[in-house]
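Labels run A, B, C and D following the written order; every chain starts at residue 1.
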Amino acid sequence: MVPMNAVLLLSFLLFALGVAGVLIRRNALIILMCAELMLNAANLNLIAFARHSGTPAGQAFALLVMGLAAAEVAIGLAIVVALYRKKDTVQVDDINLLKG
Amino acid sequence: MSFAQGLLEALTKDLPLLYGPALLAVAATLMLWPGDRFVGRGNKKAWAFVAALVLLAAGALALTAPTDEGFNRMFRVDGLTKGFQALCVMGGLITIALSQPQLNALKEQTVEYYALILFSVCGMMLLVGATDLVSMYFSLELMALCIYVLVAYLRHQERSVEAGLKYFLLGAFSSGILLYGISLLFAAAGGVTTNLAELNGRLALVSANGSLLVYAGVLMVLVGFAFKVAAVPFHMWSPDAYEGAPTPITAFMSMAPKAAALGAFLRVFGTGFQGIASDWMLPLAYIAGASMVLGNVAALRQQSLKRLLAYSSIAHVGYMLLGVMSGDAQAGAQAIWLYMLTYLLMQSGAFAILIYLQGKGEGERIDDFRGLGRRQPVLAFAMMVFLLSLAGIPPLVGFFSKFILFKLAIEQGHVALTVLALLTSAVAAYYYLNVVAVMYFKEAPETERAPMGSLATLVVTVSCALILVGTFFGFRLMDWMGRIVLG
Amino acid sequence: MIQTGTASLEPAMSNPVAPFLPVLILLLAALAMGGFIVWASGWLLPRLLKPRNPQAHKLTPYECGVPLFQQDARRRYNIQFYLVAVLFILFDVEAAFLLPWAVQFKSNLASFGVMLAFVATLLVGYVYVWGKGALEWER
Amino acid sequence: MHTHLWLIPFLPFLGFLAMGLLGRRLGRTGVAVIGVGTVVASFALSLIAFAAMKAAPGQRLELVALDWMAVDRLRVPFGLVFDPLSTAMALAVTGIGALIHLYSVGYMNEDEGYPRFFAYLNLFVFFMLILVLGSSLPLIFVGWEGVGLCSYLLIGYYFRTDFAPAAGLKAFLTNRIGDLGMVVGMMVLFAHFGTLTVGELLVKAGGLSPETTFGVLTFATLMLFVGATGKSAQLPLYVWLPDAMAGPTPVSALIHAATMVTAGIFLVCRLAPLFELTPITLTVIAWVGAATALFAATIGLAQRDIKKVLAYSTVSQLGYMVLGLGAGGFAAGFFHVFTHAWFKALLFLGAGSVIHALHHEQDLFKMGGLRAKLPFTFWTMLIGTLAIMGLPPFAGFFSKDEILYLAFLKSPVLWGMGVLGACLTSFYMWRLMALAFWGEPRDAHAFAHAHESPRTMTVPLVVLAAGSAVVGFWGVPEAFGGHFQVGRFLAPSLTYGQTAAEAVHHHGPAVLLALISTGLAIACGWWGFASYRGGLALAEARAARWPGLHRWVAGKYFVDEGIEKVVLGPVRWLGNLLWKLFDVILIDGIGVNLPGALTRVSGDLLALHQTGRVRNYALLMTLGALGLFWVFLR
C-alpha cells in the first residue's frame, strides 16, 4: 500500500497545478481544463481514502463528480464558443467590458 | 435482500420527501421533449404560465412534504428546508413574472429559458435539504450550471456572454476548491463518510496531527460557499455577472440562489460543523466584516443601478452571515430567513421597476431615474419604499429584519461586528437615498409613458403592499410564518 | 534502507515502497537508455552524418506529392465538431454510472427498472438533442 | 373607550394620505383646509386629553392596538401612552404645528408644490406625535427616524437649488450617526432588561439597585444620549441644524421650535428615571449642554443671515435644555422646551415674515428700518426677543432661570457658562432687531416693495406672541412666589412611581442669581442694540475718510469703535474662528466631504480589484483564501 500522506501530497500537487493553471493561463479553454484538474485532484483523494477505508461511498462520489465535470465542460465549451463567435478570441484578458 | 431491492424500497419510502424537486425535474424534462414539439414558434410565451404553475405545485408539494430524513441520510426535510425552499420557489416565480416584458421585447422566448429556471430551482430545493456533502455538491452544481447558461442567455449580446464566461470560469474554479475541501474533510475523517452529522462527530475527534487537514478542508468548503453567496473576497464575479446578465436573471441571482446557498450555509456550518466551530468562526467573521465594508463602500461609486444592487447585495450577505455565526442555530436560521424574505420583497420590487424602465429605452443608470417622482409619482413612491426599506430605515420592514439580526448578533457576543454592521449600514443609507434624491430632486425632460405590463405591476404592487403591511403587523405574520415554516 | 540492485525476494515489510525499488531502477535505466537513443539518433548522428544541402522545399510538411491544401495548420475545426464531441463526452460519462450498477447486479426486476428509468432519462436528452438538430453535420 | 385619542397622531396621517394621493385634485383651498384642519383637530383632542390629565394628576393611560413585533423574547406592542409628559408635549407639538400650518398657507401661497409641501408637513407632525406618544422604544424610534426622513424631504424641498438637497442629505446623515447611538442603547437595554416597553423598562430599572447595573446603564444611557445629541443638535453633532435653514421658513420653524430638535430632550425626559440612576451620564450631559449653549451663542454673533442667527440661537437654547437635564432638572429642561417652542416659533415666523416682505432677502445687512413697514412683525418679534433674552415676566425668563439655578447647584462654572451664553444671546438678538427694524433701509428697492404679510401669517404671529408672553407663568419657580407647577404636573412621568424627587427648594441665592443674570442680559442687549441701531455706520465710518470737521462728531463713535475693537472684535473673531473650525472643517469635512472622500476611496478600491479580468479575480480569490489560512496559522 502507498502511504496516505503520499496520496495527499500527490493530490495536492495536482490541485496546485490546477490552481496555478487557472491563475497563469490566458486561454479560456485551458483555464477550464485546469479547473477540471482541480476536480480530479479531489477525485484522487476520494478514491484513495475510500479504498483505504474499504467503503464504497467515496468511489461513488468520484463517479458522480466525473459526471458533473462532464456537464460542466459541456456548458463551459458552449459559453466559450458563444464568446468566440462574438469576439473572435478565447483569451480571457481580452474580455473586460464589465468592470468597476 | 439485494442492494437493488433496498434501493427501490428506499425510493418508495423516501420519494415523498422529494416530490417537489422531482416534479420540477420531470416537468422541465418533459417541457423540453416532447412538450416543445407541440408549441408553435410564436407561442413559446405559454411556457411561462406552465413553468409558473409547475413551480407553484412544486412549492405546495415541498411545503406539505413529511418532516423526515431519507435517501441514506442524504436529504432531510425539516423547517429549514421548507422555509428556504419556499423562498427559492418565490424567487423563481417572481423571475418568471419579471422576464415577460424583456423576453417579449427581445423576441427571445424559448422553452429552454423556463426549463433552466425550473432545473436550477430544483437544484436549490435539493441544496437546502442536503445533509450529505455528496448530495450538497451535486445540487449546488445543478443549480449553478443552469445559472451559468441563464446568465449567458442573450448570446447575441457581448455583455451577456462575457458575464456568463466570467461567472462560469470563476464558478468552476470555486467548485474545484469546494470539492477539494470536501475531499480533504473526507480524508481527515478516515474516508468513511460524507454525511454531515457523522463528519462533524468524527472531525471533532481528529488528532492535532490531522487538524491542519481539517482546517484546510473546512476553509476550502467555506470559500466555496462564500463564492456562491458572493461574500468578500470571493465576490468579484457578482457585479460583473449581475450587470451583464439579462436583468430578470440578475434579479433571480440576487434572490433564489442566494437564499438557497445561505440555507446550505446554515445547514453545513450553523448546524453541521458545530463541533469544529472554532476552526471556521474567525475566518467567517473576517469574511462577513469585509463584505459589509467593501459592499457598501463600493456601491457608493456606482452609476448603474444593477451594479449598485450587486454591491449592496454583497453587503446584505455580510449582514446575513452574522446569523450563520450565531451559536443558536435555530435563532440564526430564523433571523436569516426573515431577512431573506424581506430582502426578496424589496429586491423584486426594485428590479421590477428597473426592468420596466429598461423596457422603455431608459437604461439602468441611476441618472435615468431623474424626475421619476414627477413623471410617475406612484412608481417613484414604490421605488422609494423599496430603497428605504433596503437601507433599513424604520418603520419599514427592512429595518426590523436588520434589527432582529443585529440583536441576535449582540446577544451572541459579536459586538464589534455588529457595530461595524451598523456603521456600514449608515453608509448604505447614503447611496440608497441618493437614488431617492435623484428621483425626486432632479429634473428630467418629459418622456412618454409606456404601460408597465400587468405582471410587473403585480410584482411591484404586491411587494410594496407587503412591505407596507409588514411595517405595521408584518412581524406577527412573519413570526407566525417563521414558527410554522422553520418549526 | 537502499538495497542492492538485484531483486530481493523478501522485501523489508517495514517499507512498503521497497518491493518496487528494482522496478524503479529498471525504469530509470530504461529512461536513460531511451533518452540516449533518441538524442543520438535525432541530434548527434545527423550532425555527424548528414549532407549539408539546404532547400526551401525541404521545409514543407510533405516534401513530395500534392501541394498543401491549406497553408495554416492551425485551421478552425467546424463548430459542429465541438458540439458532437461534447455530446459524446456527456453520454459517455453518463454511461460510467452503469458500471457500479452492473458490478452489483443480481437478477432482480426492481433494480433493472431503476436503471431503465436512468437510461430513459438519458434517452429523453438524446432525443432532445436530436430534435434540436445538433447531430446533423450539414444544416 | 378613549379611541378618540388614537386620532391625535392619525389625523395628520390621514391628512397626509389625502393630500399625497389626491394632490392637486384637492385644489389650493382643499389642501389648506385639510392640512390645517387635521392638525387643528388633533390639537383640540390633545387639549381635551391635557385637560383630563390636569384634572386627574398622575394618571397614565396606555392604549395598545396590537402586538407589533413578537420575535422570541422581544415583544413590542404598537401602543400609545398618555401621561402628563406626553400630553404636554403633544399639546405643544399640535398647537405650534397648527399655527405653523396656518402660517404656511400664506407663506407658500406662490409655490407650485403646495399639496406636496402640506403632505410632508402633515407627515412630519404625524411622526413627531408617534415619537411623543409611543409607548415603547422601537415605536419612539419609528417616530424618531420618521421626523428625520421628513426633515430630509422638507429641507430639500426647494430641490431646484443645488444647495437644498445637499443640506437635506447632510441633516439626514448626521442624524444617522446619532441614530446608531440610539440603536445600540436600545439593544443594550433590551439585552439587559429583556423589554423595550418604556413602562416595563422603568419599572424594572427602578427595582434594581444602582450598584448592580451601574456600568450597563451608564453605557446604555450614554448611547441614548448620543442619539439625543444628533437629534437635538448638541456638540459635536449640531452641524446639520444651521444648514437645515435651506428649507422654507415654516419648515425651519417647525423643525426648530416644536418638533424635531426637541426629540432628544424628550427622549431623555421619557427615560428620566433611567438617567437618574447614572450620575456620570448626567454630568456628561450637563457639560455638553453648557458647552453647546455657550459655543453656539458665540457663533451666532458673527452671522449675517437672519435665519442663521436664529439657527445658532436654537442650538444654544437646546444647550440650555440639555444643561437643565444634566443638572437633574428634567422638569426644568422640559419646561424650557415648552416655552422655547413658543418664542422660537414666533421668531422664526417673524423672520419668515420679514423675508417674505423683502422677497426672499435673508441678509441682515440689506435690511433696516422695517419698523414702520411691518408693524405686526416688529411688535411680535420684539416680544419674542424679550422672551428669549430672559426678561421677566416673559416666558423665557422662568424656564431659563430655573435651569441656571439648577446648574449653579451642580457647579458654579456651569452657571457661569450659562450666564455668559445668555448675555451673548441677548446681544445678538438685539443686534438682529436693530439691523432689521431700526436704522436706514440699506436696500432701497427691497424696502420700497416691502409690505406687511397677509392675515394668515400675522394671526399666528400674534397668537405666538401672546403665548410667549404668558406661558412662563405655568412654571413660576418658588423663589418668585410660584409653585413650579409644571414640575408637579410632570412629576408622575418623570419619577415613574418611585420616590418622588425632592422638590427643589430655592434658597437665598436664587433671587440674587436671577438678578445678576437678568441684569447682565439686559446690559448686553442694550449694548448690542446701541452698536447696531445706526445701521452699519460703524463699519462704513471706519472705511470712509472723514473730513476734519466731522472728525469730532464721529468721535462719539470712536468710543464705540474702541469697544468694538477691544472687546467685541476678539469675541467675534473667536466666533468666526469657531464657525470656521466647526462649520467649515468639521461639517463640510464630515457632512459633505466625507461621502465624497468615501466615494473616491470607493473608486480606488474598485479600480484596484474590480478590473474586469477573470484572472485577476481568480488571483484575488486565491490570495483571499490564503489570507484566511494565515488567520488560522497565526
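Methods note: a contact is a pair of C-beta atoms (placed from the backbone, for glycine too) under 8 Å apart; a residue touches a chain by one contact, two chains touch by 3 or more.
Since the model is a prediction, treat every value here as computed from it, not as a measurement.
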Where are there more C-beta contacts: A-D or B-D? B-D
Once you find the CA centre of chain C and the CA centre of chain D, what distance in Å lies between them? 82
Rounded Å distance, chain A centre to chain D centre (Cα mean): 64
Cα centre of chain B to Cα centre of chain D, whole Å, reads 44
Could you please state the distance in Å, as a whole number, between where the Cα atoms of chain B are centred and where those of chain C are centred? 41
Mind pulling the residue numbers of chain C that touch at least two other chains? none
Which positions in chain B are in touch with at least two other chains? 165-166, 169, 173, 177, 239-240, 301
Of all residues in chain A, which are in touch with two or more distinct other chains? 19, 22, 31, 60, 71, 78, 92, 95, 97-100
Interchain contacts (touch definition) - all pairs: A-B, A-C, A-D, B-C, B-D
Applying the document's contact rule, which stretches of chain A touch chain D when the two form their complex? 19, 22-24, 26, 31, 92-93, 95-100
Along chain C, where are the residues that touch chain A in the complex? 16-17, 79, 82, 86-87, 89-90, 92-94, 96-97, 99-100
Would you pull the chain D residues touching chain A in the complex into a rising list? 606-607, 610-615, 618-619, 622
Of chain A, residues touching chain C in the complex: 1-3, 56, 59-60, 63, 66-67, 69-71, 73-74, 77-78, 81
Enumerate the contact residues on chain A facing chain B in the complex. 4, 8, 11, 15, 18-19, 22, 28, 31-32, 35-39, 41-46, 48-53, 55, 57-58, 60-61, 64-65, 68, 71-72, 75-76, 78-80, 82-83, 85-87, 92, 95, 97-100
